[in-house]
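See the structures that follow.
Both complexes shown next keep chain A, but they swap its partner, so chain B is in the first and chain C is in the second.
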Partner chain A sequence: MRWISLTASAMTLLLALGGCSAGLPELVPRARPDIRSDEAGLWLVAAKSEAALQQAPTAISDPGLNRYVRGIACKVAGPYCPDIRVYLVREPGLDARMLPNGALQIGSGLLLRLRDEAQLAAVIGHELGHYVERHSFDKAWRQRVGSDIRAWLGVLAQGLAGGGGDAADALMPVRDGAFSSSQEIAADSIGLRQMTAAGYAPAAVVDFWHASVAELGERQSSIALRLLARHPAPGSRLDRLRTAVAAVAEPHAVRGYVRYQAALAPFRAAFLADEVRLRLPTETLRLFERLRRQQGLDATLAFYWGEVYRLRGWKDDRQLALKFYGEASRLPNAPVALDRSIGLVRRSESDWLAARAAFRRYLAAAPDAADAAMIRAYLAEMPEA
Partner chain B sequence: MRCRLACLVLWAVIGAGCAQDTARLAEGLRRTDAAPRIALMPMDILLSRVSAGGFSQPVADWMASADYNLTQALRQAAVERGLVLRSVDPAPAAAPGLRQAQLLQDAVQDAILLHHFGDARDRLPSKFGSLRWSLGPTARQLRDAVSADYALFVRLRDSYSSAGRRVLAVVSMVLVGMPLSGGQQVGIATLVDLRTGQVVWARALDRSTGDLRDPGPALETARLLLKDLPQ
Partner chain C sequence: MRRVLVLALGLAVGLTACARFQPVQRDRVAVGGGLSVMGSAVWNRFPVGVLGADAAWTQDGLPLDRVLFYVAHGDGTPLFEHGRDRRSLEYRANMTATEIADLWASELALAGNGDVRTGAPQPVRFAGLPGFRFDYSYANPSGLVFDGFVVGAATAKGLYLIAFAGTRAHHFLAYRSAAEHLIGSAEIAVE
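Our next item is the complex of A and B:
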């Protein structure tokens, strides 16, 4: 009775591909689902997640940054502004997530990766598209119907064939995954419409997804790029985006590069440090390539680039670390911790003279640093040059 | 994500076949106060409908009535045991640090389910039999915020078969001889002494009966939950 399980797979696939959906109309501004609807259940669970977000220890509470991102979100959302609530979370990696009830969670790793305001508008617009089109609910509906069909066919297949089927397998619910390609296309088109209406350069959409896909490289997925797992961006989607953007091109639209980088500047070092702390050197090096392509190499980025090599510690990594530390020291506004790291690398190379000099520069610049006592101990135990 | 993990643990642990000892007492718990002030913390209740394929869908209006029914029922069940429960305003401003306390308590409840009610292999030798879990300094903060000496934390998952699943269950039984699980009521209640931060009492629930959507059965659940609370 193989045909039955084949049919089951085929039908599940059909559903998964979006050949079938709940056929939902767009949400109107200030919409709330009816309390008796299935959608209301989804919203209630989302509200619980939102309550957790409000008091998460990782929440970014800086009023300036919150006001800035909220302002852009509101502009992009237009009539949906009162329905969207933005939560900034300190979290490395590329991630942003719209809950079904309009709570928009934006990770610090995403803010770090964006080049300008228009790119932020592009991401917010896309997430807004999923909200307006009720894609989470649609996804849940398709998963439920898919699992029901699999369960029925599984039981029938086994019952009629007398064994050999996989009824137990079919009774397992499907786990939630990515948005479908038709959902991505719908979200893209709403996102593009909203960001353009807000006066942002639509080309930023293509830049953002292209750079994100480039950061992923030839790998299928990366735990540092969760956004791409939820919103798959194959070549076909990028091509479609490019065509759509070309059709609405506006030469005077805003990118907001300087304004965006100025708003992010006070947090950039901390966000870069978070990425290094993930201890995924290959991923982080790809991210740093992306940032260098977008914004060039500044002292802070050069320093953390060196840190990735220092902490990885492969064969030539010490030399690579020193090379980037050298770049950082030649650029303006080098971080104080630079001399500490130079000292640590020199010390591990038994270059006592250079290590001593670097540690002394560090202690002179930061005598009250948390690790000052440790550095003094290193200095004391080093042999005379 | 974290919540989903917790739920999974909850199910995996209790579902694995909970032992008959469903209540645990810390050593030497006594009713020393004539009228202890007990705060009923905002409950974590999820009611869902299970589709034919086993997909759980949360149902909002069930949850709204369950929250009301169980709150009333717990109050009444407490009164029957000579205790008075006071509800806590869930708004963040009303009790700062409340969320942190609840997150901590979620983790403690997971640990209690695993080590006290779960599979014998998972029981910690040093903690076996007696509760030695603590909320730490968060408890004292909470004590001031809710002005109570004890806090009662309740987490419940209540699921009901959809019509489709009931039909499929019959078909499955007839054709394959394989039973399908129906609705379940699983959960845990813990009582924390806010002066010390110690979890002084815990009770787990795992059964295929119960209904929080109606006041009557909700009272039965509440009585069962508080059954071994020291009088």
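Our next item is the complex of A and C:
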């Protein structure tokens, strides 16, 4: 019974989203390209990229987080679960990539930006759509109309021989071009079908793309939002998604907000620090607005908000930094580093009295901090107030 | 963009055809800006700066191990040079070691490196002056992991830094003591 109703919703979705791309036939679960085909060549190159992902120093190895994300990916992928392999990578900015062979790379910056499990399911479902529809191969083929794809794959395959460039470089022409609007529609359709079948609230998909486009703002592109460059989300696509989602309103569908935030909690400060480190203050402030809208302001977010202003250091930034540090200090679980940052701002203002007080609070709270000797040296160097 | 560092190093290697590495003599070597160190024949000096550094020395080649010298960096000058599409970060004369270590980490991240980590800065003497030291590590865009440390001091003439890095697989441990020796011999001439 449940299966019938889900199939019916899936049908509604397909109708609502309208014409699917007349591309290659869908991959069936457990399918592999014919070993003699050009597509097999593309998979071989992808396998080399995947091997690099497995060895990547930026790989997130935490077994709990990996298990959690893989579990959701498997639920969303359904019969394709055995075909999809998830790799979590420590990388700020919004990005996720499905390689043509089913290796799914998910960046920490994406995990940071998601509100809940349903949004993660929406992104995985969409990426799965590109895999099932073989869009990377289709795109590679179309981009090379008029040229010999075999010769081109031959060039890519040189990466397989090792030596020079890594396979990720060899795959760049495949990965970095934008998917076409018909490919996006097809991937949206499959993504919605799969996340709905897995019991997730389809509204999350609209929330996610809408928030990502809002983070981009009026700019054409942002180096922090690479996902949008590859998956363009113009208003027409969002409207289409909204209509499709409205057609399958599912009152019992899951958002998984608390569960998702709990899974991410141990990593959130480090992922926020990665974003701040990029020194793209305008972009990072937009990201923080997004997070505040989604999750509210907690002490960790308020602290890093202050850090963005402290590190930018424009005219009023010290005051703005102190304002956010003040908010962080009034919220539960303020980071210990807060008083060190307040000390640095006060010191840069030559407010020696306040700087001393803040550094002393830091040392009192963390007498064994790795930088305690350095902070004591700052105290010793400061003029008497 | 992610390849700025690789490009810079590739360029540096490519340039060796015309601008050759020169062996360092076993004598006191003036690096610039009043900074001098005791040279040793194990090091080769590259005639032009890389990564915004004023001088670069290496044993096995800049892509594997390197000592970068930054001398008398003034207020408002960038530490590294990035491509045109990326704004460089400025050093400020009133920065603490904590802020300089943050700047260093951001510069490495901006150059396209991943998993950038910096250790807590420690107060040390550098060239007879009160200075600081911190460890760092990163993975370059090709996934090669480097360990290193930075020793420096902010003086009235500007910021002085000597930064050593080598591959975690071999060069860091192999050349670390030579780099320590070099840093320990640093003198800054007072005019």
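Points worth noting:
What we mean here is this: the second predicted complex is superposed on the first by the 331 of 385 C-alpha atoms of A that agree within 3 Å, B and C clash if a C-alpha of one lies under 4 Å from a C-alpha of the other, contacts with A are read in each partner's own complex, and residues count from 1 in each chain.
Everything below uses one rule, namely that contacts are C-beta pairs under 8 Å (C-beta built on N, C-alpha and C of every residue); 3 or more make two chains touch, one makes a residue touch a chain.
Fair warning: this is a prediction, and the values are worked out from it, not measured in the lab.
When the shared chain is aligned, chain B comes close enough to touch A:D38, but chain C does not.
Judged by the touch definition given at the top, the superposed model places A:G313 against chain C, while chain B stays out of reach.
When both complexes are overlaid on chain A, the residue A:A140 reaches chain B alone and has no touch with chain C.
Looking at the shared chain after the overlay, A:Q54 reaches chain B, while chain C stays out of its contact range. Looking at the shared chain after the overlay, A:A247 reaches neither chain B nor chain C.
On chain A, the surface patch touched by chain B in one complex and by chain C in the other comprises residues 52, 55, 57. Residues 52, 55-58, 90-91, 166, 223, 274, 277-279, 311, 313, 340, 344, 347-348, 369-371, 373-374, 376-378, 381 of chain A touch chain C in their complex.
On the chain B side of its complex with chain A, the touching residues are 3, 44, 46, 48, 51-61, 63-64, 90, 92, 99-100, 103, 164, 168, 171-172, 174-176, 178, 180. Within the complex formed with chain A, the chain C residues making contact are 1, 89, 92, 94, 96-99, 102, 105-106, 109-110, 114-116, 119-123, 130, 132, 139, 142-143, 145. Chain A contributes residues 33, 35-38, 40-45, 48-49, 51-52, 54-55, 57, 140, 143-144, 146-152, 155-156, 158-160, 167-168, 170-174 to its touches with chain B in the complex.
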